[in-house]
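Okay, so subunit A shows up in both of these, paired with subunit B first and subunit C after.
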Partner chain A sequence: MELIAVEKPASYPDKERGERLNQQLRDKAKELLERGAVECVIGYERATDGSSARPFFVYQPEEVDRLIFDQTCTHNLVKYLLNKKDKTTAVVVKPCDSRALNLLLNEKQIQRDKVFIVGVVCPGIVETGWNQVSQTLQGRCQRCRQHTPLVYDFLVGEPPAEEAPPAEAYADVAEIEAKPLAERQTFWDEQSKRCIRCYACRQVCPGCYCSECFVEQLQPPWVGIKIAPPENNMWQTIRAFHLAGRCSGCNECERVCPMDIPLSLLNRKLEKEVWELFEFQAGLSAETVPPFATFKKEETLGIGE
Partner chain B sequence: MAVGYQPRIVGFLCNWCSYAGADLAGTSRISYPANIRVIRLPCSGRVDPMLIVKSFELGADGVLVSGCHPGECHYLEGNYHARRRFALLRSLLDYLGIEKERFQVEWVSASEGKRFSEVVSSFTGELARLGPRREA
Partner chain C sequence: MTQTISRRNLLSWLGRLLEERLLIAPTHTTGPILFQPVSKIEDIVLDFDNTALSAKEWFFPATETLFWAETTDGRTELVPATVEREAVVFGIRPCDAKGLALVDKAFLAEPADTLYQQHRDKAVLVGLSCRKASPQCFCTSMGTAPNDPTHVDILLTEVEEDYIVQIVTEKGKALLPDNLLLESKVVPPPPPSPPVVSAEGIEEVMRQAFDSPYWSRLADRCVHCNLCAYVCPTCYCFDIRDYESKGKIERVRSWESCQSPGFTRQAGGYNPRASKGARLRQRFYHKLLYFPEDFGAIACAGCGRCVQVCPVNIDIREVIADIQTIGGRNVP
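Moving on to the complex of A and B:
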């Protein structure tokens, strides 16, 4: 499938093709539910505003006609698998979501034979809001190199003959890096001042599955209860660090942030550093050894010299 | 730099090498700046990055982590793991506005009392040069 132009973001530009792909998705979901291969199919449906999409849990074969996939389907549904560990579940994944899925497989949080992965060839997702669909691709999609999921049992759509050339992925990170120290401090102070610590970023993140988050630990109290810059800094720094080498860049945290804090600047800084230091990218395979579970004796990494 | 400014350093030392090294500095009567507050931990691999970020949050001007030389870890590989973590944390802190110089990792063995005093002296000097960390 070629990359989709973004003039008509809410559906595939080629309406017929869009319908055909939706049908492919629905047929597969129906088949899976009817033969009892899965208990539930997690996908997308049209939200009640009529333009954006929302997650949809299909339990009955009759409901599959509500399933859709188009350029408004922004959510990373992999997060929901963490609540469905004991039942076999099918999930619709985009390429970025497939990396999160690999992460959870790698970290033994979900079992491969309990998940049926319905991959979708992704045309890139557009910005959406309540009753609003923008014409432009989301920032993460403009940077994305991948249009076919890395792991799937069934693929909806045809993979493109060749992947588009990668965009400059870290231009905005480099911009912050280039600022003088005082300006960097001011920039991050401004961000952490606005944080209300609602933890939406954590709740939506497939990588954040600790049963007790450090932020809720009272002994020791890592993060004070006050909503103020020092506490917020602690939260933001450690949240990002705990996802270092694990974040797959689905950017859900930034999307759900009610204060519009540019969390991807933190996540991608770490992604960039992890690549430069350890030549590792998260979620490319379920079998790789994560960078902090291994080491090389001969490396010095500029430490203790 | 403020007049009479004394930087505050939090030092996380591994029990087997660096803490013993610091001890040796003491028993050898080698003096070093009293700016460092030492916390003894079993291994440099025990130093959770959260401890470092928290130290800075609570007002430390600098944080020193010190452990056995690579290849000499009492637990065989704790310091190798620590090295990876701190290399990454260091660049993250710098990105967030805490200079790389404020977070040092040094390998000091149990026999290097002299070296321990040198590490603390030069780190204190470096922090005095940088001045107080601007309050957030």
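Moving on to the complex of A and C:
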């Protein structure tokens, strides 16, 4: 998609309403900080390009006026909670981010009573890049039908009367699946040969929190240090597999990739497999036991019988 | 009088170079525009802001074999890697050429990095002036300019259908035949003006700001990937590993950065830069204080790639401006 540079940031279609919601967000943040309920509020502020957004950590009540929420607020801030485990923290979450939050709660990576969830009613996020904001919703937002976060302590905005559950259309995944093996191989080789293994995809992923990633383990050395096609393929494949049944679809990995590798195709292929096998979608609840954290006898799939 | 070359002559000259040498130029991929070896002239992209990775990757590749070691009959032989082909890097921007000049200071200081030296010696740089400044650029604040010929062998500046040619070095003179050039009265267009940040006196304020809480606040937002370092035309850190296959050892180096937790981890597990704040601070201190102390220049060419690609908008221009204000004061 072609991005266009714009003078002003995208906001809710109704500007006045957008301002009112920003005020609601700032008032809540101020109150939480003033009464010492949280040490920090993680939200968004305007980036240095003047049009896109960036994460913003608010520690002082007098800083809350920099907080914003609009259709450029693409980052999944839930990732940052992994760095704030010992402090009570408030975090601004969209519906997709709330699924990642459920994932981390389910996997016991964060404690519910240490997090104050400021949910935002989400109008969908637009395609953004540095100094570029498009008027088009991101692909993931076109597929998502959820406006209200699945879990929150305080909600900014008015939720719609009816919500449809997160829906997924896999047309692009099916297109790749339909190609012959050799063609699929060529497609992915072409993509992954550009990978520079900067690990931005891993660093922004809320599901990637191993204290030592397999690519950095020396004993045994699972993957070498070469930034070259075989190693890159290995990295991308295992990264995706480790997220099977866990990826909540925030698509941060694809957004940050400097080499424009379509990582969501891999993630959503596995999401589709998990749905077909287990009828499971990650992050819909903090309580449901995910498929790879349990085992049923009838799941042997004929192996080892 | 200035010398020019027509677009047609430029392309035919490049076609001839392609037959004799490795020609590396900006090309389209299924993703972003990158410097790649060109197999046909039509693949060269002439109209671009800048490539996603700098031309550094052809002098200090993402992955490179340093040598092989093979043992036969109890005798071990070391076979160093060598750079065989003469190359032309076409379309390098003045900022990226300045970046190479900065990497030279580190890699060509005695004892020189022999592979890097070979890559440099075997390549001719044909630069392209920038017609417009992108909003993330700040080259003029880092001692270069959109039309700076200093660090290339030949500089081309587009004017309508032609290019103004500045032959800068003997290497450049030897590469471009005189008969392709025309004498012209065309006046070089004024260079575009990129955004400006004042880095004057930055070394002294960096010395004062080492213990500032500013760094841990900034590290809150940083996701600690290696992206800024890998797109940077002046970052030159690497890791080394030995690969073994059937008794033959290959020693490889690959890009690595100060942002990785493993970068400074020592045997036994001790890590002198264990916190994310310390690692992020290191990046800016290396660029703005340690490199200037060692080599007399800020390790930044102002290309703006890190500004453009940072997932969370860590903007080095904002950092410089903030540190200029904060100095030694104990404020975040």
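By our rule, the second predicted complex is superposed on the first by the 283 of 305 C-alpha atoms of A that agree within 3 Å, B and C clash if a C-alpha of one lies under 4 Å from a C-alpha of the other, contacts with A are read in each partner's own complex, and residues count from 1 in each chain.
Note that in this section a residue touches a chain if its C-beta (ideal position, glycine included) is under 8 Å from a C-beta of that chain, and two chains touch if they have at least 3 such contacts.
As the structure is a computational prediction, the values presented were derived from the model and not from experiment.
**Student:** Quick one: on subunit A, after the overlay, do subunit B and subunit C clash, or do they fit? Just give me the call.
**Tutor:** fit
**Student:** Identify the partner contact of A:Leu82: answer first if only subunit B is touched, second if only subunit C is, both if each is, neither if none is.
**Tutor:** In the superposition, A:Leu82 touches no partner, neither subunit B nor subunit C.
**Student:** In the superposed arrangement, does A:Tyr199 touch subunit B (first), subunit C (second), both or neither?
**Tutor:** second
**Student:** In the overlay of the two complexes, what angle sits at the CA centre of subunit A between those of subunit B and subunit C, given in steps of 10 degrees?
**Tutor:** That angle rounds to 90 degrees.
**Student:** Looking at the overlay, does A:Ile227 come into contact with subunit B only (first), subunit C only (second), both, or neither?
**Tutor:** Touch status of A:Ile227: second partner only.
**Student:** Check the residue A:Phe295 against both partner chains and state whether it touches subunit B (first), subunit C (second), both, or neither.
**Tutor:** It touches subunit B, and subunit C stays clear.
**Student:** Is A:Ala37 contacted by the first partner subunit B, the second partner subunit C, both or neither?
**Tutor:** neither
**Student:** On the overlay, how many Å separate the closest CA atoms of subunit B and subunit C?
**Tutor:** 11
**Student:** Under the definition above, what is the set of subunit B residues touching subunit A in their complex?
**Tutor:** 49-50, 53-54, 57, 69-71, 77, 80-81, 83-93, 95-97, 99, 105-107, 134, 136
**Student:** Could you pull out which subunit A residues touch subunit C in their complex?
**Tutor:** 47-49, 52, 54-57, 59, 75, 79-80, 83, 129-131, 190-191, 194, 196-200, 202-204, 216, 221, 224-228, 252, 255-256, 258-261
**Student:** Once bound in the complex, which stretches of subunit C touch subunit A?
**Tutor:** Interface residues on subunit C, with respect to subunit A: 29-32, 34, 52-53, 62-63, 134-136, 217, 220-221, 223-227, 229-231, 239, 241, 243, 252, 254-256, 260-262, 276, 307-313, 315, 317-318, 332.
**Student:** Would you tell me which residues of subunit A are touching subunit B in their complex?
**Tutor:** Touching subunit B from subunit A are residues 176-177, 181-182, 184-185, 187-189, 192, 214, 222, 229-231, 233-234, 237-238, 240-241, 244-245, 266, 269-270, 273-274, 277-278, 291-292, 295, 297, 299-304.
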